[in-house]
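The structure follows.
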Amino acid sequence: MDYTLKELMVVAAAREIRDGEIVFVGMRLPLLGFAVAKELHAPRAVGLFENGVVRDWPALAPIFTMSDPPNICRSLSCGGLIDVMSLLQSGRVDLGFIGGGEIDRFGNLNTHWVEENGRRVRLPGSGGAADIASLAGRCIVIMNHERRRFPPKVRFITSPGYGEGRGWREGKNLKGGGPARAITSLGIFSFDSESREMILSSFHPGVSIEEIQRETGWPLKVSDEVRETRSPSVEELAAVRKYDPKGVWTNN
Amino acid sequence: MDYTLKELMVVAAAREIRDGEIVFVGMRLPLLGFAVAKELHAPRAVGLFENGVVRDWPALAPIFTMSDPPNICRSLSCGGLIDVMSLLQSGRVDLGFIGGGEIDRFGNLNTHWVEENGRRVRLPGSGGAADIASLAGRCIVIMNHERRRFPPKVRFITSPGYGEGRGWREGKNLKGGGPARAITSLGIFSFDSESREMILSSFHPGVSIEEIQRETGWPLKVSDEVRETRSPSVEELAAVRKYDPKGVWTNN
Amino acid sequence: MEEGIPRPLEVEEHSNFTIALALQAAGMGLPYLPTRTALGSDFSCGPHFSSIACPFTGEKLLAVRAVAPDVAILHVQRADSEGNAHLWGNLGVTREAAYAAKRVILTCEELVDHEMILGDPNRTLVPGFLVSHVVHARFGSHPSPTQGYARRDDEFYFDYHRQSRSLEGFQEWLRKWVFEAGDHEGYLELLGKERREKLKPGDELFSPAVNFSV
Amino acid sequence: MEEGIPRPLEVEEHSNFTIALALQAAGMGLPYLPTRTALGSDFSCGPHFSSIACPFTGEKLLAVRAVAPDVAILHVQRADSEGNAHLWGNLGVTREAAYAAKRVILTCEELVDHEMILGDPNRTLVPGFLVSHVVHARFGSHPSPTQGYARRDDEFYFDYHRQSRSLEGFQEWLRKWVFEAGDHEGYLELLGKERREKLKPGDELFSPAVNFSV
């Protein structure tokens, strides 16, 4: 392989962004994915950050937090948190990226606490993830794929996916569309439009469906059209490396 | 008299402002009153305008509306309407000035409609007056004193005074203190702390109590300590004329 | 208007604060916002208000129904062709209206490069993707003022108030300033060069620059 | 913290949006604000949330109880001695916190003349009468950045994260950077001149001035 797994994941995230879309961008991989999409197929996409920043081009320099000066400088707009959350709540954000400590078969995410060796371990909590999961037109989840992170049912719903399945979001009056895709370290998943259950749509090069099943805590549904995840193109890889020249985010 | 009635009213308004107070300023006479108070006894008073402006010194030049550039320029803060209304709603405004088309014995104001010759005449509505009357620590009402404007009960409450008397504001959960004073073209009134009814506390020079009663639509209560309104001092008059040199607001 | 000429209009009574909250609610994507104002005002009996209790304290509040205008027309000093704009001076409910409206039309004193907007992102009114049209219109707020670009035309207001007292006077005013003016260029010409010169503000009073360096 | 060392803390779970709304509610003088977020999130079962119905549409919403902090400590670029301040760059929930808090302490990179604040009233954070204390503290946001004045000290964060993994490491960190530093001057000295120089941002990037002329 002449690319890293994280480069593949960044490219997969970038491919989810359509031109002209309003995107709630997270840090790390989605941030890079946004830059790659802007560079290639979505030059008119606009990025929103929950601190109030709206950008139509990537940050001036590599950043660790969305509030670092290079992400503020020469942004399109730098208002307050409530300004961008208002755009989200009024249905004007097309998609958002989130991650989590645990994800279950209906795409619910837990970033509050997990149990490790019988001890409750505190995770960072919601941040803006519950807001994006509740309100964005569609959500893209980015996860490390390990069995302990893929239980059949999360212990605590921080960021709602489809809850207990079909109709659950509507019953809660959640206006956002819910998870459209999960991009994991092993493959890419979509969600069944009827049952709302996670379905494997592609496995990354060198990963078998069996391995993915082993790392998933419930009997995995596999799409009839399952295939290998398309490798990054030369242009895609060049774009990733332009924005992460030292591999800070994308070295394995 | 070496001063006009309106100069007397401006000075009376100025005297209501204590040093350091946060004042919701209206246009015309209260605006001048604020300038006079700042010049003389209340140098640390701060003026709020419902368009979002906060000033610690009077406008650069005479203005017709609070949004005229001389009222914006070199203000302390120029935010939005909701910013200053939030200060009002959270109880941080000490007093506000309002006027009206009609006022009744409990200090309720009507600026919605009156009947003239059997025809309903539309007035400008609330503007910010209902908000100030509802929420300011105390309210100062400025009125032309004519019998048709002083009915026993207003036909429509735009800006609440004490409603039907004692306890009414508390029943409505109104957080502001209600009218503390009415400065009219004939005299100055306070409000009884028990019954909440308007009480004549001073009559302007040259005006008799009988005349005030004739121009008031209910049997007028008169304070035991009623006296003549104190004439403007030399300093007060000088301050009024400094800010209204052409008498735009204070010529009779 | 009270007589329904040329046709009746439906009026929703508001205070300055409640209409601002109605716009803010729509801009935030909410069906209402609560407030403590107007609890004793007779106009708060309208169907766009509702008496509610706080779910935590039980105290009486007023709910204000959201208002999402079909269109908001807003005047700014600087805009780029994508609708990213700098507004300064008086704000009032401009931002709330821009977030609330289904469509936003910006008129601007100066059409500027995108780069200039990026130079001060804290001053951006709303992101351009909320804006549907940008119109370059010098003196576009006339007879109202625009900080740094136009004084208030007090005489124009006095004239309007005088003429609009009668139906005939108002129609005459309309004929001259709207129908015969035709477009904004015609309107400015009608206003005349001398008057436009008088509306230009005095000495420049520039804000202190701020440093966005990284 | 999970183990209650040195003493237990009560935690209210929020999302970024709900804590911002809780502050906004307090700053607006309201006991709560409604929202559409977190309707399916387990933390919204806490006592500071309540499921409500819109009084107009009947739809399900979430009420967020107001949070009025006892004190807000906010860092700005410029403040005068009365607490009138210019803040630019990242805003987040700074304004909401300033309106919500019972007391506001400002730390500032530069203590400036009142006249400079008046030069750009649109950039004023909050009127000074809401501010109880002003502290002149260069690099006052360290290790976080301040636009135009200080870069983020990434290394300092890495060190802290490393050391705070164990109780002993955290206590050692506290001893050095808090107790022994003593005050802000001591802290800056401990940081060292070289490190402070490295934190200074690069080439100046000034905002375009705006004209407030009348």
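All chains are identified by letter, namely A, B, C and D, in their written order; residue positions are counted from 1 within each chain.
The criterion applied here is as follows: contacts are C-beta pairs under 8 Å (C-beta built on N, C-alpha and C of every residue); 3 or more make two chains touch, one makes a residue touch a chain.
All figures in this text were calculated on a predicted structure; none of them were measured in a lab.
Chemist: Looking at C-alpha means, what's the farthest chain from chain A?
Modeler: B
Chemist: I'd like to verify one number: the distance from the centre of chain A to the centre of chain B, where each centre is the average of its C-alpha atoms, in whole angstrom.
Modeler: 57
Chemist: Which integer distance in Å separates the CA centroid of chain B from that of chain C?
Modeler: Going by mean C-alpha positions, chain B sits 27 Å from chain C.
Chemist: Could you put a whole-Å number on the gap between the CA centroids of chain C and chain D?
Modeler: That gives a centre separation of 32 Å.
Chemist: Indicate the residues of chain B shared as contacts by at least two other chains.
Modeler: Only 53, 68-69, 72-74, 78-79, 82, 88-89, 135, 175 qualify.
Chemist: Which positions in chain D touch two or more other chains at once?
Modeler: Correct list: 29-30, 35-36, 59, 61, 89, 91, 119, 122, 147-148, 151, 201, 205, 212-214.
Chemist: Could you list each pair of chains that touch, in label order?
Modeler: Applying the touch criterion to every chain pair yields A-C, A-D, B-C, B-D, C-D.
Chemist: Under the touch definition given earlier, write down the residues of chain D that touch chain B in their complex.
Modeler: By the definition above, chain D touches chain B via 26-30, 84, 99, 117-119, 121-122, 124, 126-130, 212-214.
Chemist: Which residues of chain C touch chain B in their complex?
Modeler: Residue positions touching the partner: 1-2, 13-18, 20-21, 24, 35-43, 59-61, 89-96, 144-145, 147-148, 151-152, 154, 157, 201, 205.
Chemist: In the complex formed with chain D, which residues of chain B make contact?
Modeler: Residues in contact with chain D: 22, 46, 53-54, 60-61, 68-70, 72-79, 82-83, 86-92, 135, 175.
Chemist: Along chain C, where are the residues that touch chain D in the complex?
Modeler: 29-36, 50, 52, 54-57, 59, 61, 63, 65, 77, 86, 88-89, 91, 116, 119-120, 122-123, 147-149, 151, 201-214
Chemist: Quick one: in the complex, what on chain A touches chain D?
Modeler: 50-53, 64-65, 67-69, 72-74, 78-82, 85, 88-89, 112, 120, 122, 125-131, 133-135, 156-160, 163, 168-169, 172-175
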